[in-house]
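Once you scroll down, you'll see the structures, which are given as structure tokens.
Note that chain A is present in both complexes that follow, paired respectively with chain B and with chain C.
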Partner chain A sequence: MYSLVRNELLKIVRKKRILVVAGIIAILVGMFTYAQWKELDRRLERFGDVDWRTTLQQQIIDAQNRITSSGISDEWKSQLQLRIQQQQYYLDHNVNPVEPGAPTFMRTFADHSITLFLPLMVMVVAADIVSSERSAGTIKLLLTRPVKRWKILMSKYLALLLSISIIVVLFGLLSYLISGIVFGYQGWSAPVIIGFSAEGIELNTNAVQLIPQWQYLLMEFSLVWFVALVVGSIAFMLSVLIKNTPAGMGVMLAALISGAILSNMVSSWESAKYLFMINLDLTAYLAGKAPPIEGMSLGFSLIVLTLWGLAALAVSFIVFTRQDIY
Partner chain B sequence: MKQGSVRFVFIFSLLSMALMLFGLGWTIQNQFFSGDAGSSRMEEVEPAGEAATSIKGKFVVALGDSLTRGTGDDSGKGYIGYLVEELQMKTEEKITLQNFGVKGYRSGQLLNQIQQAEIQRQVKNADYILITIGGNDLFQGGQTLLEMNSEKITQARKAYLDNLQKILKGLRSLNEGAVIFHIGLYNPFIDLNDSALTTQIVRDWNHETSRLLDQDQKAIYVPTFDLFQLSVNDYLYSDKFHPNAEGYKLIAERVASLITW
Partner chain C sequence: MSEITLAVKGLRKRIGKKEIIKGLNFELKRGEVFGFLGPNGAGKTTTIRMLVGLIRPTAGTIEIGGYDVQRNFTKAMSHMGCIVENPELYPYLTGWENLQHFAGMLPGVTNAHMEEVVKLVRLHERIHDHLKTYSLGMRQRLGIAQALLGKPKVLILDEPTNGLDPMGIREMRNFIRYLAEEEGLTVLVSSHLLSEIQLMCDRVAIISQGSIIKVDAVKSLLALQERVVWRAEPLARAKEVLSGFTQVHNAQDGTLVTSYSDSETPLWNKAMVEQGILVKEMNRKLPALEDLFLELTGGESVV
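Let's look at the complex of A and B:
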């Protein structure tokens, strides 16, 4: 088994997939770092001192102003209201929600990447992991070996798991190292407040706790990893089911993008909460944002995602072991 | 290279996976099984750091409603924006502005706002405090004019004056030296029916406000009624309530002429 997994990993490394992903991440991090740095610069010019409290207060005022405009939807309004209360809480407790530094950059970047960008990166590796062997015909060579079919598929899956782990950790490392050039490498122990929960438009602060940022990052990245895993499993299934790699990728892409769009307008379609792509934004629960559909929680999303992942795996194995290969 | 790099990738990925698994376990433990989380609970409010940031130049704090925010001005500056621009031409010093105006604010809400720690911190640093408040107390989105109930208006005015008094007191207790400008109301409905009546109401309102401000030496009432009196429609935005850019410029000019160093 070990040598099988190793062999599969070798294929992934040979195809330079991980390098490509690392390259894309590095470029994006560079771009975002630059953009954020520019933004800071502009703020410095406009407001003089960049005391975070000043900035935060201004954000609160801005949101308060946006709430009063009439064209705004009810969901957006309640989200803004929650955000205001949260920011006010940070302000009242004198905790900077965005302590400058590379760890904070990592935190926000992961927050924004969990639903779309990282799943896409996972797809780069996962989408053709089985189907490419089909189209290249190498699958026949692979299956003529005296190894059970499920073992072959299992080795591919394990190799995928390993590459996903690498991608997530690389994602963290690269964003830390690159953004640190501009923002500095400090800020691991900066306090972060977690445990906000939304009750309608009221913010519940009963379970609030203060943790150092490194703990938050660990939690956040493990959730990112979990999401990547589930997305990887589903892409894996598609790769088994659909012989044509681009078609499989298309299906996966459509699912991911529809998830990103749906989350913004799905609040009245309640059963949508059982779709995996609505549940991808796990880090939002940590940060205490309002969920896209009333009644969703971290536990709920974790269970839904686990079920989807397991189902995808089951389908992959059942289909692969029974399929005619020609 | 191949053998070595694969081994490296293999080990690295195993470590990554272990780390992530550990993190996931921790997250689940923290989120679902930590009970009352004892030690890591948030301790009560530590007083916000005083550290009065030393600001170079003049510091202007603007408080109030949509006029402060600049509603109706296409460029979004509002009278505050034009005022700062104008002052900036008069002086070499850097003028820093903090605008805390919120659309639709009434005097009661403003009173609540100045209880907030961060607002108070900014007020302490201010050289000039500009306030527009009262328009929503009086007009209440046009409701007042439909009813024209003089009793209700008197009631609203009383509550407003009460709040304004507290606001002034609050600001003064934070900052003794700052000059406070209160921008008076104009009558946006002067072109409509009943203009005699609405004008009367606004004048009374302004008069009372002005009298209240007289209690404080460094509080200045800035009238705007006359600015909009003759050609009100030229200076109003299409909602016929807020000033447009020209209207805001008029207000800004007036305030600018009052500020001297």
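Let's look at the complex of A and C:
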């Protein structure tokens, strides 16, 4: 098994997949760092100084104005209300929500990447891991060696899990190192508020507590890793089912993008909460944002994703071990 | 007697309602090159894919080295090396890495053995180059090296000369003969090129529309159909004389064609000479398997 996994890793590395992913992450991190730096610059010009309290107060007033203005949906209103309460809490407790620094950048970047960007990066590795062997015909050699089929698939899956883990680590590392050049590397222990939970339009602050940022990051990246594994498993299944790699990628891409779009408009289609792509935004639960559909919670999403991942694996193994190879 | 290395009994494959392989039976012995001959679409590739475990048969058994491919897959496969259709290896790895990749899937393949195999297929000078720089002939040889890594008893090659130039085809043919004669391997070769089979196989199975029409030694199949081409003057008289003994066909280039018999044919010649006919040429001709095939299949075209 060890040599099988080593084979698969060798192929992934030699196809330069990890390198491509690292390159894309580095470029995006660079772009976002620049964008955020520009944003800070603009604020500096607008307010003369960067006192975050003033900014926060300004934001609260902005939001309040928007709530009172007409032509705004009730849902949006309640979301704004939640955010105002949250910001008020930051203000009252003298916590800067956007304290600049590489760890903060990491936090927000991971937050924004969990539903689309990271799954895409996972796809780069996962999408052709089985289907490329089929389209190149090498599967015929792979499956006529004295190794049972399930072992071959398992070695591919283990190699994928390892690659995904490497990608998540690279993601964290690159976003920390690159953004730190501009924002500095401080801020590991800055307090972050956690434990908000939205109940209807009320913000439940019972469980709210302050934790150091590194702890928050640890939790966040565990969730990011988990999402990456589930997305990887589903892409893996598509790679087994669909011989044509671009077609498989297309299906996965469509699912991910539909998830991003649906999340903004499915609050009334309740059963959509069982779709995996609606449940990808796990870090939103940490930040205390309202879930796309009422009644969804961190635990619920974790269970839904786990089930999807396991089902995808089961389908992969059943199909792969029985399939006739023409 | 010689050991049976591959045995197929009652092999069938049905896809949907269509039965594409209709009950094949054959046995391969140690040290022989066995040809699998048939037109495209006759079921050669499907059969080979069942032999190597890529396709599950609907019925029947396949034993390689005494192990059932269905029930004892790993053991059966450890006695078998194959190339199915093209030698598809990983273009982004070097030749050596490709071999290492497949050596990793076999128990106990040493570096020394890998080097030995590389020497055998004469790739040692280019083995550390990337596969994408290899010619088709070199890929084919690397494919065979890969198949030989596990010291198999049976080597299955699907269309091994496909796409090779004449030089490559000759090399491949000699190499296959060498493996059978010197190393004692059983080699199963499929081809739609009759001349290929004729030149490198000991026995041949002729397959058409999913059934084996005939299994026999290439020599005896050819002997059945051996002919003599006569060039004689005057032609009309010669034909008259020969017709007294056997059936005579007029060939287009002004020759006569009759069957051949070791004892009879010299007597026909004698009769002709006694009749004052000038016999300019008697040419014993082995028939091409083409003729044979057309006869056996009742004219199904051979591509």
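Structural remarks
What we mean here is this: the second predicted complex is superposed on the first by the 326 of 326 C-alpha atoms of A that agree within 3 Å, B and C clash if a C-alpha of one lies under 4 Å from a C-alpha of the other, contacts with A are read in each partner's own complex, and residues count from 1 in each chain.
The working rule: a contact is a pair of C-beta atoms (placed from the backbone, for glycine too) under 8 Å apart; a residue touches a chain by one contact, two chains touch by 3 or more.
Keep in mind that what you see is a predicted model, and the values were worked out from it rather than measured.
Partners chain B and chain C, brought together by superposition on chain A, fit side by side with no clash. In the superposed model, A:Arg14 lies in contact with both chain B and chain C. In the superposed model, A:Leu141 makes contact with chain C only, not with chain B.
By the touch criterion defined above, A:Asn244 lies against neither chain B nor chain C after alignment on the C-alpha atoms of chain A. Taking chain A as the reference, the larger set of touched residues comes from B, when chain B and chain C are compared. Of the two partner chains placed around the shared chain by superposition, chain C is the only one that A:Leu4 touches, whereas chain B remains out of contact. In the superposition on chain A, no contact is made by A:Ser258 with either chain B or chain C. Once the two complexes are overlaid on the shared chain, A:Ile325 sits against chain C while remaining clear of chain B. Legend: residue contacts after superposition of the two complexes on their common chain; A:Asn65 is shown touching chain B, with no touch to chain C. When the shared chain is aligned, chain B comes close enough to touch A:Asp51, but chain C does not. With the two structures brought together on chain A, the opening angle seen from the C-alpha centre of chain A toward chain B and chain C is 160°, to the nearest 10. In the overlay built on the shared chain, the residue A:Leu91 is in contact with chain B alone; chain C does not reach it.
After the two structures are overlaid on chain A, the closest C-alpha atoms of chain B and chain C sit 10 Å apart. In the superposition on the C-alpha atoms of chain A, the part of chain A touched by chain B in one complex and by chain C in the other spans residues 6, 10, 14. Remark: chain A residues 6, 9-10, 13-14, 18, 47-49, 51, 53-54, 56-58, 61, 64-65, 68-69, 88, 91-94, 161-163, 165-166, 168-169, 193, 195, 205, 207-211, 215, 218-219, 221-223, 225-226, 285-286, 298-299, 302 touch chain B in the complex.
Across the complex, chain A meets chain C through its residues 3-4, 6-7, 10-11, 14-15, 136-138, 140-148, 322, 324-326. Against chain A, in their complex, chain C makes its touches with residues 49, 52-56, 73-78, 80, 82, 84-86, 88-93, 97, 101-102, 104-107, 146, 150.
Across the complex, chain B meets chain A through its residues 2, 5-6, 9-10, 12-14, 16-17, 19-24, 26-28, 30-32, 37, 40-43, 45-49, 53, 55-57, 69, 94, 96, 98-104, 116-119, 121-122.
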